[in-house]
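Structures given as structure tokens follow.
Heads up, the next two complexes both have subunit A, just with different partners, subunit B and then subunit C.
Moving on, here comes the complex of A and B:
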């Protein structure tokens, strides 16, 4: 709910002035009158120099120091990672910041710099990036570059060979990621998924293992074994192979079975599928028994594919053009989901708006009567759902609908699986959203009712209109005039009401044969599951879905801007 | 009381009951000594503080609470501060690109930030690699993200209010030799205290309730917010943990309900004033 408040922000404010202004002419006059005094001093006054007093100079030095300090802090890791694009961006932003804040001129940019930076980095760039991701196959198995995929293929195929180097292993942690601290005699190394580096400042314990190292947190045996899968999964790429753990105190340097050959742009080696089948000999070196296989790089799919059609699991990110976007409309597997979800999404948003508005207006009308007592008490209680933390109340509702333990079934004596059947699940999410949303509509309808001049209604009464006629012909049209923009924003909010569905049904119930799309799924919950669901990340397809939602949002906002004539305000 | 008024009261009581019963259920579940969902009733059948105690001893509730308050509070203050600055520029200066800037902000605030969750995740993975303090699993990173998502809306909101403050006031200051910065601090900001407070409150509530971004970004035990933490509480043990969850819900509700009732007058007024604009 509160998100809605923020989103429909325009409406929430003691609004600007123009409540009763007749159209254009006076506004234009006001505008002219306002623009003038703003410009005059600037035109007339001589160009201002640097302010001379000590405080202002100190403030300038402080600003300079602050900007430079932040810039250095931001640039340091980029430079050490040799990320020159990032460094260039930091440098450009710093120069812009220094110019804006140190020039003696009165620049509006002094006030706009932070907002510009935030909007560009956290709103514009993500939207543009969504569109570019939508044109790729990015997702699980296609996250990085081809070189990274090759490294991953080679290191994951590492087998131990007799006589290979061995290390004393200490499992440690840095920034939440497990790392290997490796000791080979008196030499210390640190191994991560990025590679092997010499380690300085390590403390050796008895037995030759490293017991402490600056910047790393050594894990206890219990901590390390709790993260066993991460530890065994970590392989440190080195020339021709990788270092992997054997237990928690030793690591070995193994040889890659699969290797990439740039000449043929392919990966060759024993078939891992066959190798695991005949792998009973376990490292005895009966290599001839396993057939060699060739996986050719396929630049369109971003994978290494063998002649028989099987592919290695590690691929890389490639451009797939508009394939993800067209899949939503033409791919029979995807488009049934997409169109079905879109349809329910529209029905959901429309129903929520209609239901909340109807109940909200009705309650406002009931309480809006000169002879009603205790109106304030009613109002205080009725708006409570709006003030409660929405996420928690959604979870409470979900559990009230629980089949076995839920309040609804226990009080009614029914045994209905409310959230397990498509129809009841849909009705349930609508009912919950009605509960959450009607107090908001009640509040704004109450406010709007109070602004309807009583003269109108009295005049209608004098003319002999019945109570129903007065409502139908006077109150209701005036209410709608006031509420229409808010209904549009409410529609826009509910169109993407992630919490309202995800926290109750998580999109479900899901048909037994198709766990990808549930009966209450909105586009946003469907997209979320595509990207972060159990079935592996399909970021590319998820981004394509987001692009469609963007288009729909854009249409809604154009309608709403037209209606509220908000563009005019720009020119004030 | 005539018949019409009696009917009105009957209807109002029915709606009030509808509005209150889930809240009543939460209160009674929070007090329920057994603490399970299956034993929770609409009206409390016993009262104990066992759930409250369990909430503090078995879960890191205080950490969640502190994280939520920190994130929401910082987001509210920072986004309103940044928005007020830009709103001042848009309201009082005339400069090249002003119109473009305003329209861009308007369009951008229509796109919910969380729709770009995939690229945001990718961006913050990169940030994690370089500046872990602001990356994934960091309250600072999420705060930064929320601030970025809120400044567009708030700039419009606050600019609308600044426009209603007569320009003659700050012009007088400028003629007396003030800088625009001083006029902004000494005239505009004090006069717009109510709108700044309401904007901050709305951001605060929206941020407390945010689940999608928080659930993707904040997964560590130390960085979870109330929304993610309470959700995980029920995900583990839905039936058994319900009483604890209800107690947590009530504690979460106290600050928002209190502030909401306190500011209700302004909010109603604001909604109305905005509504009549159509």
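Moving on, here comes the complex of A and C:
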């Protein structure tokens, strides 16, 4: 619950007196409209045409300068990355911004422009991005492109030839090309992409590395690492393998076991099952003896799959269409518990809203009573839970519910297994959320109570209404006018209250016969475990699930807002 | 009017700044594919809080020696996830410090490179460490510290080292009956959240009672095709664990997490605690007279095999200075001198044999942890291991709570094999 909600709350506070006098807003509009024509004639003279004094003009120049500076700052990396779409977007936004703020006209746009940008950047983009992820198989093992997967497969398949000696490596340069100066005992070689040659006239340093050689410029570590990609990419072909660098001072002889062939779009290499059986340590002479295995690229799964169904671990991201979205509906592992979880989720969100609102309003009413003393002190105390970091408070509560060591059982002398039984666990999460949430409702209700004119209540009193009747018929309806939209947003918030459940029970307790779904699981915690808890991170599936959660919350919110609006019309 | 102009200007600045931030973030993400900027070479190392402080001097020494810069960045939370995301976006480090059981996942994501060691180099490490960092026949990390669970014992309350876990429970019961302690044994059954069982801590008892998670391939890697959960042995093992649970002996309780088990031990409220070397410093501070022995198995069971996790240095595939990272990890950090200095800075059982001798000479407790790790199995690195955690954690809770074991085991086996098929 953010200040955003609080502000919305203020804006919708109806104030019954509004019905009599015209609201502020139109007045301002009229005043502005009247001021504008005054400016119009002066537009012809550009220097004097701008309203405001020197300070305002300076501020405006500063602002425009800032826009341009930010645009340049954002565009520079995009241009160097040749990301023309991004550059175009930045350019378009900048031009639009300059246009809107350079012209004295387009007053509404001056306000709408930043707001629209913010909505696009913070609301629309994430939703669209999530939806697009939902259509892919992105997740552990499928993060990058196919080319990245191929590189990873080939790189990680390079095996050092067992028993082969290690070379002492010196990285040098000749004609701008990096070369390896290799020392094996007292023998010196030079290795290039063309092959390995003996090296004459090399000087050996301590540790057996070559420190100088005629015709070659030895590179320092800093120089060599600046050309790191060339160094790690250089492989010196030798009989039965290639010499590659391992760092900047060692090199080894090894062979890439797996290689990609674009012609068949497949990866070929020795069969791991056979290779491990025969012992891979026999060197390359026996290469023919090891049966070869072929992993064919499967563009639907995004991985290389062999005929026997085994796949290489490194895969890539592919579009899977609506598979994730339908999986949420058809996969028995996913949907078997969907309704049960949804049911508890609705109960949880409704209960939290009802309980926090009831307690918040009750406390607000008590403190609103004219004969109440030390109101300020009480208010401070009551708002305290709201002021504390919820994250830490949730963890403290979790530990307080511990059966043997928790404060709750110790203080009360009970031996209740609070978080271990479904019913008590549900009670616990509700209780904690009530404690965390009621100060917010209290604040809102206190504010709304101030706006209810005392005349109404006095009139009711004169008519002989009891205190209960006065509350039921006057205070409560007026209060609900202010609170209803906030209750809806509070419902939406609690519907997805991940921390409130996950930090306390982690969705548990889990029934012994079904570890997939716990008694306090909300859709969002259930989704989280489904997507991240089990088979590694499955961002695609998680996105699909959050699209569903988003849809549910959106539908519920729209319906509720509609209903509250109806309520308001009737009241008027 | 004038004031309103000012307010307008102020609002504009604010609005635009905010917009710029939003736009800037997007732009920064998009620019990730830009080639590495030329200029000063900076070796970027990611480590958690404790280790980054330890590593810093070594990184700086390496940088100075080679005329480059080095930066050690603290990543306090979710290191593996953060590394994966950042590397994929081209903003990852060159060297990552982490636990060896990340290897399987990082390899399938193509994010770490194999490290080529000669037989001579790799034989310098203790067997379990060498085995732990080997995945699919390739070494993927340079191991530097070995950690496994052990049994801490309060020697004032329980002078004799127990030979079996049954003896631990018997001694604990006697002490509790005599009113000297409140709890039989400080055995972390639950994870920190208290809501799910702790596979890592319970694994020694599970193995001693005859259970296993995965079979073994001829290579020595865990074999996902042979799932041990759901077998007769696993049911028997959990019956045994349930016997110690809340409806049995009352030695294992779901209310125990690693934190409150430790505080009970520090305060002398229990004579035994199952924990790892990370508690050693606190045990010493607490002033408890202690001894460390391997986690004992059941009297009639096999040896208890704790998981061994090996802290390792990884070379990032997508780092900007891969050659330099390899040089730092295999050349500088793997040397016995640095391993010893690392031990001095942060006393953890070194993986390098030479440094281990040095450590054992300096601190006799290190030899005890070495003995505790002897029976251990490396925490499986295969990516399939993630399918185990959630169902197995739930299974532990069900058994300790006293629910029907065969059903719980069957449900867990079903959940795990369902995940493995995907």
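We take it that the second predicted complex is superposed on the first by the 286 of 572 C-alpha atoms of A that agree within 3 Å, B and C clash if a C-alpha of one lies under 4 Å from a C-alpha of the other, contacts with A are read in each partner's own complex, and residues count from 1 in each chain.
Keep this in mind: a contact is a pair of C-beta atoms (placed from the backbone, for glycine too) under 8 Å apart; a residue touches a chain by one contact, two chains touch by 3 or more.
A quick note: this is a predicted structure, and the numbers were derived from the prediction, not measured.
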| Who does A:359 touch here: subunit B (first), subunit C (second), both, or neither? | first
| Partner chain in contact with A:405 - subunit B first, subunit C second, else both or neither | both
| message | For A:86 in the superposed arrangement: first (subunit B), second (subunit C), both or neither? | response | both
| query | Where does A:448 make contact in the superposed view: on subunit B (first), on subunit C (second), on both, or on neither? | reply | first
| message | Touch test for A:424: subunit B only (first), subunit C only (second), both, or neither? | response | neither
| said: Quick check on the superposed pair: does A:351 touch subunit B, subunit C, both, or neither? Answer first, second, both or neither. | reply: neither
| query | Is A:313 in contact with subunit B, with subunit C, with both, or with neither (first, second, both, neither)? | reply | second
| In the superposed arrangement, which partner chain does A:296 touch: subunit B (first), subunit C (second), both, or neither? | neither
| said: By the touch definition at the top of the document, which applies to A:125: first (subunit B), second (subunit C), both, or neither? | reply: both
| remark: So the subunit A residues that subunit B and subunit C both touch are 35, 73-74, 77-78, 81, 83, 86, 110, 114-115, 118, 121-122, 125, 399, 402, 404-406, 503
| Once bound in the complex, which stretches of subunit C touch subunit A? | 1-2, 5-6, 8-10, 12-13, 15-20, 22-28, 30-34, 38, 41, 66-68, 81, 84, 88, 104-105, 107-111, 113-119, 136-138, 183, 193-196, 217-219, 253-257, 260, 317, 320-324, 326-331, 383, 386-387, 389-391, 393-395, 397-398, 401, 403-404, 407-408, 410-412, 415, 418-419, 422
| remark: subunit A contacts subunit C in the complex at 35, 51-53, 55-56, 59-60, 62-63, 66-67, 70, 73-75, 77-78, 80-81, 83, 86, 90, 93, 97, 101, 110, 113-115, 117-118, 121-122, 125, 140-141, 143-144, 148-149, 151-153, 155-156, 158-160, 162-163, 165-166, 220-222, 224-226, 228-229, 231-232, 244-250, 252, 254, 272, 276-277, 280, 313-315, 333, 398-399, 401-406, 417, 419-420, 503, 505-510, 512-516, 518, 529, 533-537
